[in-house]
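Please read through the structure below; I'll follow up with questions.
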């Protein structure tokens, strides 16, 4: 096994730990926005898509790249926007003690 | 900068995130045991010490290595043991509903 | 419609059937309200208050379309009227009912208003039982030569009084709540199975004893129980009664003598200084030793059979009764304000005893035929 | 030592100074306890119970070393004895105290036992005030022609009664607690600054009014207040009194007439059906209209001046008094069981009124000299 | 720009994702979390472009323009109620992207002899991405009502799915060992099929859980792509989403009182109108203490309507505690008391006085009905008949004409009781089936305690 | 053994540390967490040995034997009360080890031209390790009473420390730029000095915080060593401890109501007997709601002694709630009522009846005193005179002879009141200064609410 792979695995494992830890108790109302937001993050594959689309070579590969950029962009742009829209509903009333400050 | 260093930094940052996340609300009674346990973990430097002590070469380096192994071992062995001793005090009474099962 | 408010004929009765607020409601919808002078004084409603509410106060009110009273009243008490509305005790005095019929007076008995969810605002039995239950607990507390609540003081620890409430209807539940408020340890018992949950819903204990699925008739009333059940009841209750400092009994079966729940022997096993308050005194009492309207001392145990409990909180009791009456009239009058006693509408049907000179209530007729 | 338990001379007094349990404690440590026949009956302690506790019950008990009574008692009541222990009201009847001195009887007044943390188990003022406060609230609740608690029912919403307690000493606080238990909205007032926290510690509201730092004397009693404070007090209380359904007054100043807190005008501003219960009736009353021992009706407001409140819960009140007495005797007797009235020990010093034929209590002497 | 600098920027972007994800977990910080994560994404893409040796322009520009436009359009136009299916669709696109990148790489490197691990991650990326793609779109179709939302099963279904899965694994092994294009593409194709077949039997009500799981998978696909193109940003973010998606899936199944295997293989589910995270009981919508706590915390006025159930559960102290907590947070609270609530006149007064509820918070029928239209949340605790709208609306009802507390005038109605069973009057209550009504099925005391602790996390 | 395999094992060990650390944070899992972490350590060391090309044997063996023996001896022999200083000492050893490894590496590679980053991490490792070493041992000495525990300051102290710090940084820069051994060793030496000078001015009561911070530093040192020898196990574990140590430090300062800068530069602190995490007020030991919650949760019998303060705070409902929660956890609870508690006869009865405390849980004086010697925790809530032992022990006391509730017979006494001020009788209460007494200074109602929420996390 290459050391690059080992590094990849190490990073993968550590990031997974973070993923497990970072989310603990989330109220059900936030389940959908959270899912949507984390789905947008998984659109990071856009970075790969950009590389695939611009690397040239086989036309089929470039077409694949084009499709990849398109779908990934939909995922990223749409995902973050729609998450923000969903979260728009959380506006809290001012507490009496907050009004003073 | 070497890519090894970048990898090191990546790993370091990810592990730090885990460190920040993994501990959230700890009751004060556990502060000392937790400190002791995590201190024992930092004794991982023993791995480095072992390498330093066995690599040969300069005698001074080996002497340093010996000292490093000694101190690191104290830290690791003593640390884990004493943590366990401290935690010995947590024994909970059986609840009525637990006794059934 | 000319509505007359009676000054109650019964001696210890301090309530009044309509309070000034009710009088003003009725005047507002166009009725003429006439109040016998002094009718509300004992309940804390002076004649001036009625005048202020648009009623006419007079010593001799003359004929009317409708007479309101708390009751019970006789044909002589009501005088010249078309309809009378009061607690008429139709099953207890069927003869009087026949006399109403003969006099051509339509008699509406407040106790026959159905006990449904819908009719609760007209349910005077409930409102007056509320007052009775509350006053029963207070009466017990002040008669008792000891404290109700637990007190741990420098002069010793005083254990809480034990209160047992037999019969957990409206009055019983209110007595339970009031005794609990005062800090007593309260248990309750009733023959209806649903009562257990209700007693416990007030934080009191339910005393194990026979419950009879069949005991609950339609309308939520208890029926009479057979001899075997009675015997098991007495057994189960004997211990609980003996342990109690106060026993409040409220068990009733409509139209029948009150069930005998506490026997002489049971009283004799109670501690000296203990107390029995019998709310069923008027129908013969739940305790063997009860003398209606009096306090009996039996070997250090007092047995009180009060008849005037709701009158002890006459102001509020009248207020509630008055609202019940107004609410019922709202149901019984048509758009022009005339009284329409429609035998098919549930509320009125069950309230009516006599109509057009006839006895329309089966059980009264039955009672009279039994007599005959 | 021969200890005699008096049958209380006062007519309405149902308490007894020593209950059978106390008698047995005293017999056990070697005293001879003699009980006048029938002494405990009214409190629920039959003669047999005393006999069972090792006491001698007789109609004519003869001479004794120590006489126990609830009081007040005269020289004639106690007969031939060395010491008498009772509520003697030394400041109210200094003449009687001189007579005790002349008769060579050592008079120990229960009301002079100091109100310190240490002496609480002998503090009969506190234990009897507890009973009085509790009974006062109950009396108010049962006399009131309305409910204490709030009730939202199908027959209308009944607002909670408003109860105002003036004077938040032991009895006042207990009255507050009991009225709160019954669901009333309670406020309290006292001249001592510390009382505010105490009233609030029972969940009641403190009525704004003048408090006087100087009002609290050593021992926690209130002193007399000057004219200016009295005026401001009346002003501040006028509104609160007018708003109340029940006013319970308990303000006392030891050895003086009770402060006048509720004037005729204030009563006249109260609602018809409202109630004043004056616990200070025996020392003249906090209300201008109070007649001790009677109920006055003034324009629809009843003013009750009960004198027998602790007697209404005679069983427990006697029980507590008896424990106070036993506890005090424990302090006053030496190892052989003989009574040692040591004027230097705090407890006894303050309890003693006469000794060796002398008046030893300054304030009584002063009162007598004033008279002379 | 040096590789090192680029990699450090990727690290920063990954950190932004981590922080963003964390903040998304709490209502107070969620919005800013989304902003942080999206900023991280922008930075990562920009640094990639700067760093890139661009050989072909058109595919990049066209893809960004088309994708961006479609994304914005969908995100802004779609109705709030269709959110779950939209997320499913986005997720499908993400899976497709990962598969396509790996596919493109495979094509480009077809002639090169690749190390085993590279082929393996490529195939995994394609397979996982493809399953995500088709699975997500089936979920989308079910939620959107394009196909029947009810579970679709047929005899031997498990066998077929199993065989297909085994086949796909075989193809993966084959492709990985030989770098044979046919095997590679066949594996991808069977994954597409598998996605459809696995999701199809699952009912519409369970779809949110399925989407969460597919979301986790799309993270995994991105991570695999990261291995393929040796890009740590993809590996970290992919792993992050993969792991947190699993946790989220677990949370969601717990909120529905289901287990994951139950959802995936149980092949049953509620009716065809499964929306949001709410499970269903009949036509009434049930909810969780956590959701109610949020609704309460973000309300400005809450009215409690207690009934006999409060008394049975003896929950008055716990109720008072909950209300005190809400008051401390600046919510206006009141208690609406119906004259016949409970089983005796004044029953509620007895209980609430015991719990020391201030009298001035107790409102009678008229006061309450005046307040209800201006109330954000009304909390019906163990009451039933006294809030039954048929007394007002249904002339045939045995209680027609009785005045009721018109809780259906409030913005949100939460009803706490143990089941849908009727109250004293023995009649059904249409309130429970209103859209604005959420049922919290629990003993009243337990519900109160749960609400108090749920409130602490809001 | 291949490098890849070794690295994977290291990764597994790191995972064990992460899991272990997480479990150490909750009383229920702490012990198993420690076990998991130590297993990870064993695995990491063993795989290192297997993988190693061993040139010199003696240093390894001697070091392991000596270190192991000393470690075991210290861990098992030292008294429980000396735990904080023992942890400090261990921590010092850990820091020393990191510094020594980096030093050895420096010596070994003296002749080789090293890349900048390698030297930098070497020096950082030596410097941080050295500060940890001396700092920890000063903390040890203070706690052990070897030097005065009170803050030691002198005029110009800050200036001297600042200068030294600047000098050390200069040396680091110099060494890093030139690989000059003199600069290297001087930097290490000044770090040793800095450790002493920085910790010395801090008072004994603040030492636990300092140790936590030094613990975080020792993690950092290990991580730097990891960079030096390019070992991911060290980097991960070191970063983990470094980060979690910071969080722990923050938690501890919060528990003491201090800020970190306040601790480090405030140069003040309590007396010289600072033990555990408890802050001090006079001679009484104050405690936190979290600690009391643990004590309550792990007790088998708890007796509450309420007093006037409970009434003033109107905390009866909250108290009842706390006790109900404890009962649900299987703790036996009772209320010990002193006859004169409060300000009127029966005051406590009124309150507790209002809160619906079952009568059979109310014990009078004698019953309570019988039970107290068999009680694990007695919770004195706003009571004072009625639990004053001088009424029993001190013939000169004005309340001598009054019967009291002998709460000092219980294993642990927790007193909840707002201050040390006296009660009604106006006399001081020696109970507050007993070793077994912990004071929770707070309004009784607030304390109850805090305890209830603290209990949830136990």
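For the reader, a short list of remarks on this structure follows.
Think of it as A, B, C, D, E and F in the order they're written, each chain with its own count starting at 1.
Here, a contact is a pair of C-beta atoms (placed from the backbone, for glycine too) under 8 Å apart; a residue touches a chain by one contact, two chains touch by 3 or more.
As the structure is a prediction and not an experimental result, all values here were calculated from the model.
Considering every other chain in turn, the ones in contact with both chain D and chain F prove to be C, E.
Each step here moves to a touching chain, and the least such steps from chain D to chain E number 1.
Comparing the CA-atom centres of all chains against that of chain E, the greatest distance is found for D. Where chain E touches chain F, the two copies mostly use the same residue numbers: shared numbers make up over half of all numbers in play. Taking the CA centroid of chain C as reference, the farthest chain centroid is that of B. Mean C-alpha positions place chain B and chain E at a centre distance of 39 Å. Each chain gets one centre point, the mean of its Cα atoms, and the points for chain C and chain E are 57 Å apart. Taking each chain's centre as the mean of its C-alpha atoms, chain C lies 68 Å from chain F. Each of residues 14, 18, 22, 232, 236, 339-340, 345-346, 350, 353-354, 356 in chain F touches at least two other chains.
Among the residues of chain A, those touching two or more other chains are numbered 1-2, 5, 10-11, 13-15, 17-18, 21-22, 24. Multi-chain contact residues of chain C, defined as those touching 2 or more other chains: 120-121, 126-127, 130, 149, 151, 153-156, 158, 181, 183, 203.
Chain pairs that touch one another: A-B, A-E, A-F, B-E, B-F, C-D, C-E, C-F, D-E, D-F, E-F.
In the complex of the two chains, the chain A residues touching chain E come out as 1-2, 4-5, 8, 11-13, 15-20, 22-58, 60-88, 90-98.
Within the complex, the chain E residues that touch chain F are 317-318, 320-321, 354-356, 453, 456.
Within the complex, the chain E residues that touch chain C are 308, 311-312, 314, 339-340, 342-347, 350, 353-354, 385, 391, 398-402, 424-425. Residues of chain C that touch chain E in their complex: 116-118, 120-121, 126-127, 130, 170, 173-174, 177, 180-181, 197-198, 200-203. Chain contact summary for the complex, chain D toward chain C: residues 14, 43-44, 46, 120-121, 123-124, 126-127, 130-131, 134-135, 138-139, 141-142, 144-147, 149, 151, 153-156, 158, 178, 181-183, 272-273, 300, 312-316, 319-321, 323-324.
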